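Below you'll find the structures, each written out as structure tokens.
Below are two complexes that have subunit A in common, paired first with subunit B and then with subunit C.
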Partner chain A sequence: MFTLGIDIGSTACKAVILQDGARVEARAVVPLGTGTSGAGDVLQKVLAVKNRQIEDMERILVTGYGRFTFAGADSQKSELSCHARGVNFLFPSVRTIIDIGGQDIKAMRVNAKGFLENFVMNDKCAAGTGKFLDVMARIINVKVNDLGEIGLKATEEVNISNTCTVFAESEVISKLSAAVRIEDLVAGIHRSVAKRVASLAFRNGIVPEVAMSGGVALNKGVVALLEEEIKRNILVHEDCQLAGALGAAVLAYEELHK
Partner chain B sequence: MGEQVGQKPKRELPRSRVLVAEQTAKIYRDAFAAKARGEKVGWSTAIFPQEICETLDIPVLYPENNAASISAKHLGGELIEHAEGAMQYPSRICSYARLNMALADKIQDPAYSKADPLMPSPDFLLLANNSCTQLMKWYECLSRDLGIPIFFIDCLFNYYEEKPAKHKITYIRKQIEKYIWDMEAFSGKKFDWDKFLEVQKRSQINSKLFDEIIRLNMRTPAPMSGFDFFNYMSCLVLARGKESTTVIFEQLKKEVEEHIANNTTTFPSEEKYRVHWEGIACWPNLGHNLKTLKNYNVNAVINGYVTAWNVDYEPGDLDSMASAYASSSTNSLSTNTIMNMRADTIENYNCDGMLCHVNRSCKMMTFHIFVGRHIIEERTGVPCANFDGDQSDERIYSEAQFETRLQGLVEIMQHRKEANHG
Partner chain C sequence: MADLPEMLAELQSVADSPKKMLAKYLAQGKKVVGCFPIYTPAELVHAAGMIPMGVWGGQVNPSVAGQYAPIFICSIMRSCLEFGMLGKYKGLSAVIMPILCDSFRGMSGAWRVGVKDIPLIALIQPQNREVDGAREFLAAEYGVVKEKLEEIAGHKISGDAIENSIAIYNSHNATLREFARAANRHLDVITPKIRHAVMKSAHFMEKAEHAAKVKDIVLKLAELPEHKWTGRKVVLTGITAEPGDLLDILAENKIAVVGDDLAQESRQFRTDIPAGQDPLDRLAGQWLSRSACSVVHEKTSARPDLVIKLAKENRADGVIICLMSFCDVEEYEYPLLAKTTAQAGLPSVCIDIDQSTENSGQARTKLQTFVEML
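This part shows the complex of A and B:
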């Protein structure tokens, strides 16, 4: 039996096909967000991995910002619950999840079964989100996916404000004109994200073990500095960006067996 | 004109709501009429000893209440832009203040008619800083711009005790006494202490009646959508000492009791979850809030905001009155006191969760939530979720954000209910 989870985020769409609620059969990511062809593309892409048909899916559960508009969904859940279940699938020992998505930061506490216990999210501000990193990468003229490696080569950190993306953008531009090293600048950007996210995580309470989900978890520079800020190790799975979609597929399976 | 095809027929307003609208319209009409006769009209902060002007029969209107009404009608945006643009006020100050200071400026032009409800320009200001310190700068600006006096009652905050200390009560009582003498001199009217006692008694009857009505929502399922209470707050702000408010509350109580007897409710869907709403209403987004709550079967059965106007004291006892005005607003209390009050309410109303409006305008109210949330969670065990919004500034609110956070809260509440029922 196959269940399909789709996470239609603000900047990327992710999909996971789960077999019998226990084994990941296929995964796909498309770097296009809600309101684009991303949702349809990721569906085709994940089905093509093992040459499946949509009819093979017993149940489809959709999450993320585009969860209300996907026509083929059997049900939808908030990305909070989906990330909680997805990370629990990957790391059952985790009790605190930090998810940095395209426009949201979430700090979640979960129980042993992966049920959400409490959460806090960022206010209506892009500082510290994936969008913040996108903007910074564009100004520095590097690929956002390369930021992590670049930041790890820093010899010192340039101080960057974490209160506002627009202010930080002009700050980065002024640092660039002062000819600071790109690596040091990137590390400063990562530090500003880490501090912002850490304050949110502290507000919700941090219970070990801690894991990160969402696309920004792939940025090793941010993860390392966030570990410093919260003074704990952070688990990052290679499928961290897929945690929401994976959780959606798990929840779809559970809905069939209720 | 007949009903248009495809349009949902409007729900008939209950009699109590009709009476509220009539009372509010009369209060505004009377204020304009007094102004036209050359009599003095005041503007007042929301929790000010209104009994004194009521006794002297001097019309008073309330900018905070007025700003809420204008915002709920989506008419506040233009005024806020005027405050931030032409008047050069920063966007970070209270949106009620921005909206009201812009209105005060606009109504100097007799042809101005866009805001609804309009207020006549004031001749004096009544200011008590018991709910907010920014009120002082707001009213100072009004006073300077309009060249009118402020009657100020300074209320010390109660950060270190649950009830106001004796010296604070004495300090406020003496200010109330002086205010009475000053207002006599300002208005040229003699203060009638017998009438004052009657107004005090009426205020207490009305406060207690409203409290009784709200308590009826402890029942599960609740007879009222908690948001309905927002519609009656104006009675306590504008007309706490008037008999017409008693008539409205008696009617409302009858209607709620009828709902209980008939097992009906004003909440527009099945009440699966009960939450405590914390913070001021998002007036411009009330419709989206309610629609989303309805879709997720969440009734915000109680909130601390609607009970802030129950100024509870012993008529004839100025010390008791001073104490009540010093502590009615939860903003004048410590985080510990407020959050324990909220925890009591959550238990008494059998709430499954707490939904907190992080109000960009009212930092004082909001920050209690940030530092005191653990008190709620530890004492009651219910989950709390925050969302961003504002009491008047529509730009702060995000519909998608509100829905995601409410849905997250619902999913936690649902899981806990399922776990509790095996």
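This part shows the complex of A and C:
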């Protein structure tokens, strides 16, 4: 039996096909967010991995910002519930999840079954989100996916004092004018993100073990500095970006077996 | 007596369009005095034969208020200033502003400069309420407010008139508390939005008139069979729970409001004016009796315990903390509130309340997640 989870995020769409609620059959990521062709594209892409048909899916559960508008879904859940279940699937020992998505940050505490016990989200502000990193990468003229490796080569972090994305953008431009090393500047940007995210995580309470999900978890520079800020190791799974879609597929399976 | 939907729709309309009420009272030849949040001696306005009308701002992205108010000030203050500067409050004879927090301190000056055609009557409630003289000081402050209102009304305000208004206000408080209890037996009819409308409309109507309408609603509710609510139940705490879209999201997620500790709603009705010999002293006594509110200084905040009690008494599944953006007093209380409710086994979620934006995407996600978590 196959269940399909689709996470229609603000900047990317992710999909996972789960077999019998226990084995990942296929996974796909499309770097297009809600309101674009991303949702349809990721559906085709994930089905194509093992040449499956939509009819093969017993249940489809959708999450993420586009969860209300995806035609063909059997049900929808919030992305926090899905990330919690997805990370629990990948790391059953995790009790604190930090998810940095395209436009928001979430800190979640979960129990042994992956059910949410508490959560906090950022307010209406892009500070510390994936969008913040997108903006900074564009100014520095590097690919956002390369930021992690670049930041790890820093020898001296440049302090970015503004948390506001727009003001931080101005600050980064002024640092570029002062000819600072790009690696040091990127490390400073990562520190800014880490501080912002850590304050949110502290607000929710941190219980070990800690894992990160969402696309920004792939940025090793942010993860390393966040570990420093919260003074704990952070687990990152190679499927971290797919945690929401995976959790959606798990929940779809559970809905069939209620 | 009209039917229940009609009665509720009327108060919804009042809550949605206070400007219509202002126009109505002005057309009746009455003077109207604006009352800023949260605690204003509206009884004195009432005793003067004028209409006290709540000034709670509204959803607006301010364009002119920025001349005098920074963007990081409480959004109610900014929207009130915006509406004042744009002439939306035209018709008010004056506004009364209690200087309850630092934002108000700046706002009083901003209002005087930015809204020259509506005079400001400012007053200060003593925060150190345990010292000798606090009560006398506040009674004297109210005396000054009374004199200014007498100038506007064109006549003296008698002690008997104040006593009469106090009786009307205390009776109104009791009626609203009765409504809150009745609402919990009919959560299918009294949706979060309707509950809010009944409470909020009190700010824009003469109190005896409002109390009569709410009494009729309570009577009509009593005729209905008690409803067994199968969704989730929550208690709201904060300054306000607006805009209406937010309350619609609650209903969409089958969340009923079974109690509130909102400054705009139940905090207005839970503390009666105590008995006494002198009416101004009685009004001062009400301030000294207030508790469990972020703008009222207490050595140990009683608010978490009150919220927990409210939730347990009404069998709420959780608490929604409606955190007003840039309200420092509320921000400071949030950690204690979240921690204490969690220790009491009550899950909570914090929703950002901001009058300067109508984007409810994050609130929708938070509330859906909260329901999934309960």
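Everything that follows uses one rule, which is that the second predicted complex is superposed on the first by the 257 of 258 C-alpha atoms of A that agree within 3 Å, B and C clash if a C-alpha of one lies under 4 Å from a C-alpha of the other, contacts with A are read in each partner's own complex, and residues count from 1 in each chain.
The rule is simple: a residue touches a chain if its C-beta (ideal position, glycine included) is under 8 Å from a C-beta of that chain, and two chains touch if they have at least 3 such contacts.
Since the structure is predicted, the reported quantities are computational estimates derived from the model, not experimental observations.
For the composite obtained by superposing both complexes on subunit A, the positions of subunit B and subunit C are in clash. In the superposition on chain A, A:Ser75 contacts neither subunit B nor subunit C. Residue contacts after overlaying the shared chain place A:Gln19 against neither subunit B nor subunit C. By the touch criterion defined above, A:Ser161 reaches neither subunit B nor subunit C.
Shared contact residues of subunit A with subunit B and subunit C: 65, 77-81, 104, 115-121, 123-124, 203. Subunit B contributes residues 358, 370, 374, 377, 383-386, 388, 396, 398, 400-401, 404-405, 407-408, 411-412, 415 to its touches with subunit A in the complex.
On the side of subunit C, the complex with subunit A involves touching residues 325, 335, 342, 347, 349-350, 352, 354, 357, 359, 361-362, 365-366, 368-369, 372-373.
Subunit A makes touch with subunit C in their complex at residues 65, 77-81, 104, 115-121, 123-124, 203. Those residues of subunit A lying in contact with subunit B across their complex are 65, 77-81, 104, 115-121, 123-124, 203, 205.
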